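Only one structure is covered here, and it is reproduced in the block below.
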């Protein structure tokens, strides 16, 4: 039900006899990062195999696929679900043949100069069969005379601006690359003799792999016959980790940017409680996005936590609504307020963010219908005001409620009795509280403050992009 | 992941132009009561229409079905999922033609004398095409000369023993019937001019209907052209509400037996904390079955509540496990322990019950792997020792861990640092605490104490039955 | 494209380790007799297994089904496709449990007193879950005290009127029964030590089985542990083989009523040529229903045979026609006239029958558009004037063109340059020419002459029935 | 069941409001040219839409697709079915974006210098996402600075060798191109104000379009806002129409190379009868590939034609054969010999060609089992000895029975009583008999005589290619 959609999840396995099956499990763990399409490329003695398609991981793969996806090397990708429609050709990984042989690549992030790069490539005779940034990177690689990918990459990535985490297969090697800002997470681990990479460490837990470290911003890791080596792109002054990974995108059981996500969210809620206390009987969460922060708010404030909504786990992505008479039905079928718990109570409801505000408004209305005496809305992040150009599918600015209304107007619009947002300094302070080495300057907060560390999209007219 | 499977969910709508669509929404709300099959019969000016099939509600119905399921009267049914296999002929409602016309019927519960009834019916020339109890009830009705169903029912139900909630359509009327013990829940509501019934009140919330009252034990309700009338079967001394509905089966947002389920579970947890305190750092739940009780335990004990597991919402009923090498994978893919939260902590983990013990054992092992220093298991119900004959799919007695082992042995088997079960008196006392009119004698606790208020199954050799 | 739809195909195998797989192959061979649903019941050491569903044989069965359908005894059924809709509950075989155990039964034919029988059964307390005649027969059996099916059948079948071929499983025995008139075909064969029965001998060819003989009209065959025995119902004066099996329904490679179907159709065409010669350049067939007769017409008349239409084998039962602008599209997409062959030619076109006339009219129009100079229509059977009550899905009488118009009016309506029907005496004479023992009185020609050997349907108001 | 698989079917529509729906119907008519995948690109005011996928036309398109495929311009493609596996990325048309905008292209044929072209393109930095020749042509176009496609094409096609028919969309124009040899058919027609092109004229019949003429060898047709203009590639000395289109690939109701296919096949059969008479009772065809020639043989020889096999139209591309015990089952389930017609007869069986010989051997064996006294095999083309490099999926040379055995040895291997092939001169003479302007030199007979008019594949090691 969340109104923001990241992105993509990527993973890679090198040196394990069931590499493609592990990639499949990894995609399961990363499914929250993308539900539109899924794909795996494996490599068996130099021969690559691919299976990809639209839908959830479980829709795309069937048991027989893994014997076809043979080899001890594999990469996987999941892509988020647009409302607009399905474009099977955009499913990743991309597998191509070029002057130096076969290559496969999967990408999480968003390039801000993709239009310019594409224009230049087409001018030189390239054709494009997809609209994903991965294809641009592959084209740039194909135009390098240097056959060694790790060298060619240094040249290619100097031309590319924006956010990217890449996993690639070439010449039987696994490559893992992260942009110099470190916008998106990418972690490195070990599973016995095998090396593994994934967007989030929760994939390691399912594999039973050990977390080793983050792939560093600007690092190009090559895993080749059990050996691992790194080279580095020229560094920038500050990292720019996406703070929204901590707020919402990442799974609470992941380590992201070296930070324990659940603990960070709990700290956001605690700080929020100090910044915006409430005189109330209960603290409830919008499940599941507000869970950790709500618990932090409750434990800091002493106001008891309660389960305010029952979530219906059987509602898939669609249900039939022929009448369309009741606008709340789509929300209510997934989240039903627990009348017995709420009746007559002054309720603090905690969520991670407000984007358009429409869902939040319906939830508040449901709480009042269920008998809540007062509804105090608390948001565990600052007002979401600016579009993201680094890999999040944000609505147009004019549809971001915080870019059009004051906080007071938002509260009125939502019919909340009070509304409090976590401040940016509070947010960054809470992170530092969990991990003192982390500096405010290490984070991209562009969606809150409009400071874009890697620039905006080249084409001024361009909407925030939608590729993972 | 729960090892017990109830049952069925039933609902009915009379006097609403979108009766079948409301039944569809109702089944969505009742989906937790049965995932094997779903079906709806509607009645339009005396003509009945049916759609049923194997799978979840969303698998069985498509948008076009509702124009075919016309009429202002409808009943719906969901059936639980057996491991054994799919038997499409057992999907309900049953729609038959007999001497007095067409009739449709759906049933939640289990008859204990079904073998005897079936034997007698076959001896008189009846044929059976299913193995569900509904067919027995229909046969009995078909052998009554009395054409008026409400009169015929009194005779039929005097022959039938066990638990049953029924919804029926006959002659354009909606019938709702509950056995004299009131084992299973069945509630009555209003939606504008329409009358509605459902297994649980959470269906009313989705409909926007008002809760009126429970259908009483032994009550036969007839809803006929907007009029509602009742007759009553001869009463028994004590009701016998299934206490496990409160412990696990019902949705926390439902009112069941007039009791707010979430509050009751919270009270179970609080009482459990008093009966079995623990010296620990955190209280966590097995999601979602242990959520409410864990919160109650935490709030009573003062030990902080935490989210100990992250639940993967994208895992459907199956995932591919070709290796079968890792027995824990099936658990781990759904529930991943949050290492950062658990590491070095003494943890109280709360669940509603232990059936075979295998899943619980794996969860405890996962917690230890994730760094928990101590694991104290608390169960918000007494030891599950006896099979249910009244509508729950219980394993054979020999597979119920509590019927084979002492509590100490169970704790050892599970590798828990300590184990505490809520006592039966504590459980019933907690209920009374929430609703003082409720007496211990009003509940069936057969699975805990072996006292079967409506007898056991006729056939001594018979396994606990599996029909909803 | 034919406007008449029979019926059903049945088969049975006893004493073969792959009985259910052979039944599957048999249903493939009998698929032309019914495309709506398919089903198989097997029997393994007294335990019965069933798989049935809507659609073609290939839609209903998957490779894994045959290990579940274990046992050396099996029966199969295919049902024809109604335009009306799908009623999964009507798929056969029916498998029921009754006083004497489990039984499975499949039926080809139509009972004329089914309403009366059903009324009486319901009055005695029977319930009906389907609308197929098989269920009536099963109910009658269930009311017999006699446990031995072969004895009980004699009593049951004395109450039943109309056409029926049955295959049944009970007590590990295979039963095959044919009504006293022998309306529908049913043949007996051997495959090594196994005994087999099928509606048509073409199933034997696929099995590699040997044709033994027809099951005789009124014969009850029991195959029990490799032994075969027969009993007989009281005989009637004349058999009444459905002559339309020879004209259209049966496959040309089958032996039906002991007659080689393709040869009989060839003889119909030859006789038609003598009765209705034409001054023409080419003889063409409506594929495939007119093929054999057209060749007979050509070879008797000396007018060369040609392929006048190309049939598109890739058109399934549906294609998308959003415009509905071109009424001929549905015909044209399946059959395209071969302009180069037809242009400027005087053409005799042969089909087996005219029912409503609409398709024929379109075909003639297509021939003229493709340049045919003259179109002489010849029909290898008499005018189809009366509905069938014995197992063919005939339109209402008022929609049968021959019951509303004279032959001259039909020719005008169809825009044929001439029209000739084979006479009834010519038709029966042609049969006798192929097989001299066959007498005209041995055939049911009710659809041509209105003489119904087993009466009409009991309910005067009743439309011709639609069950197989 | 034929052992040779062409190729592809292509079609295009310009200037019709239902262009994509017409393309869909066209693909239905061309389905015999390719059953692996199907696709359509439409163009609506400059915006292109695509729908493609694996399977038959009916599998790939659903009714809602045509509103998405809006516009008055569309091209369609069907691709043949390999046994090897499914490669969704190879489905056509290809739709790409390049320096001059968007373009879509579909191709029927095979380039012999594709390896060389691909090598050169990759060396210049091109990447390949498919293995189809279309992608090579698109890359070549993308490297032309000339924005006008019709000019760029002249340059591109001068680099390309082999067989190709192309339909393309660019800048709202429809392009149709045929190689200078005219290997594959491509015809031009009109439907009211719309212009249409298709591989075979049978598509025109379904559309109700008028046949105008062939696209000439070497012609580039541009259809632009209702105007049609042509340019021409430098001509070669002789055309090289694929004679196998006349023998087998094309539908009998098509005009191909200006020749009426059915009449040509009839003439092949008549000539075959003169070259290889037989003392026999019946002439039968292998359905449907031998139908027309068998009729020609019969009518020339005076030996009566008969239907020797009944074809089961319900067998799709697969049926379940778990036993694999009976090698003939796959043949027998599709074609059952008609014992009553064949028994004791001396039979001439006519087919269009023998490739590996395995299927033919089984058919002859089935005829003998069905009682044929003698089996005389007649083939309406010369021995198939050389692989095709121009668009037919031929087996390796070593598996072509005629390249390994003498005719006598083939006859022995097949257990035929006699075997006769149509001579190459007889074949070409028969064509000239139908259309006197046609010269032997106008045809490619490489599969019979090894004379390859456009050379063999560049890579000596290369197997005959498999793309359409």
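Residue numbering begins at 1 within each chain, and the chains themselves are lettered A, B, C and D in the order written.
What we mean here is this: contacts are C-beta pairs under 8 Å (C-beta built on N, C-alpha and C of every residue); 3 or more make two chains touch, one makes a residue touch a chain.
Since this is a predicted model, take the numbers as computed values, not measurements.
Considering every other chain in turn, the ones in contact with both chain B and chain D prove to be A, C.
Within the contact network of the assembly, the step distance from chain A to chain C comes to 2.
Taking the CA centroid of chain B as reference, the farthest chain centroid is that of D.
Averaged Cα coordinates give chain B a centre that lies 49 Å from the centre of chain C.
Inter-chain spacing, taken between the CA centroids of chain A and chain B, is 37 Å. Counting only residues that touch two or more partner chains, chain A has none.
Working note: touching chain pairs come out as A-B, A-D, B-C, C-D. The part of chain D that touches chain A in the complex is made up of residues 88, 94-99, 122-129, 138-139, 142-143. The residues of chain A lying in touch with chain B in their complex are 18, 21, 24-25, 28-29, 31-32, 35, 56-58, 61-63, 66, 202, 205-206, 208, 251-253, 255, 260-263, 288, 291-292, 295, 299, 304-307, 309-316, 318-320, 322-323, 326, 329, 332-333, 336-341, 370.
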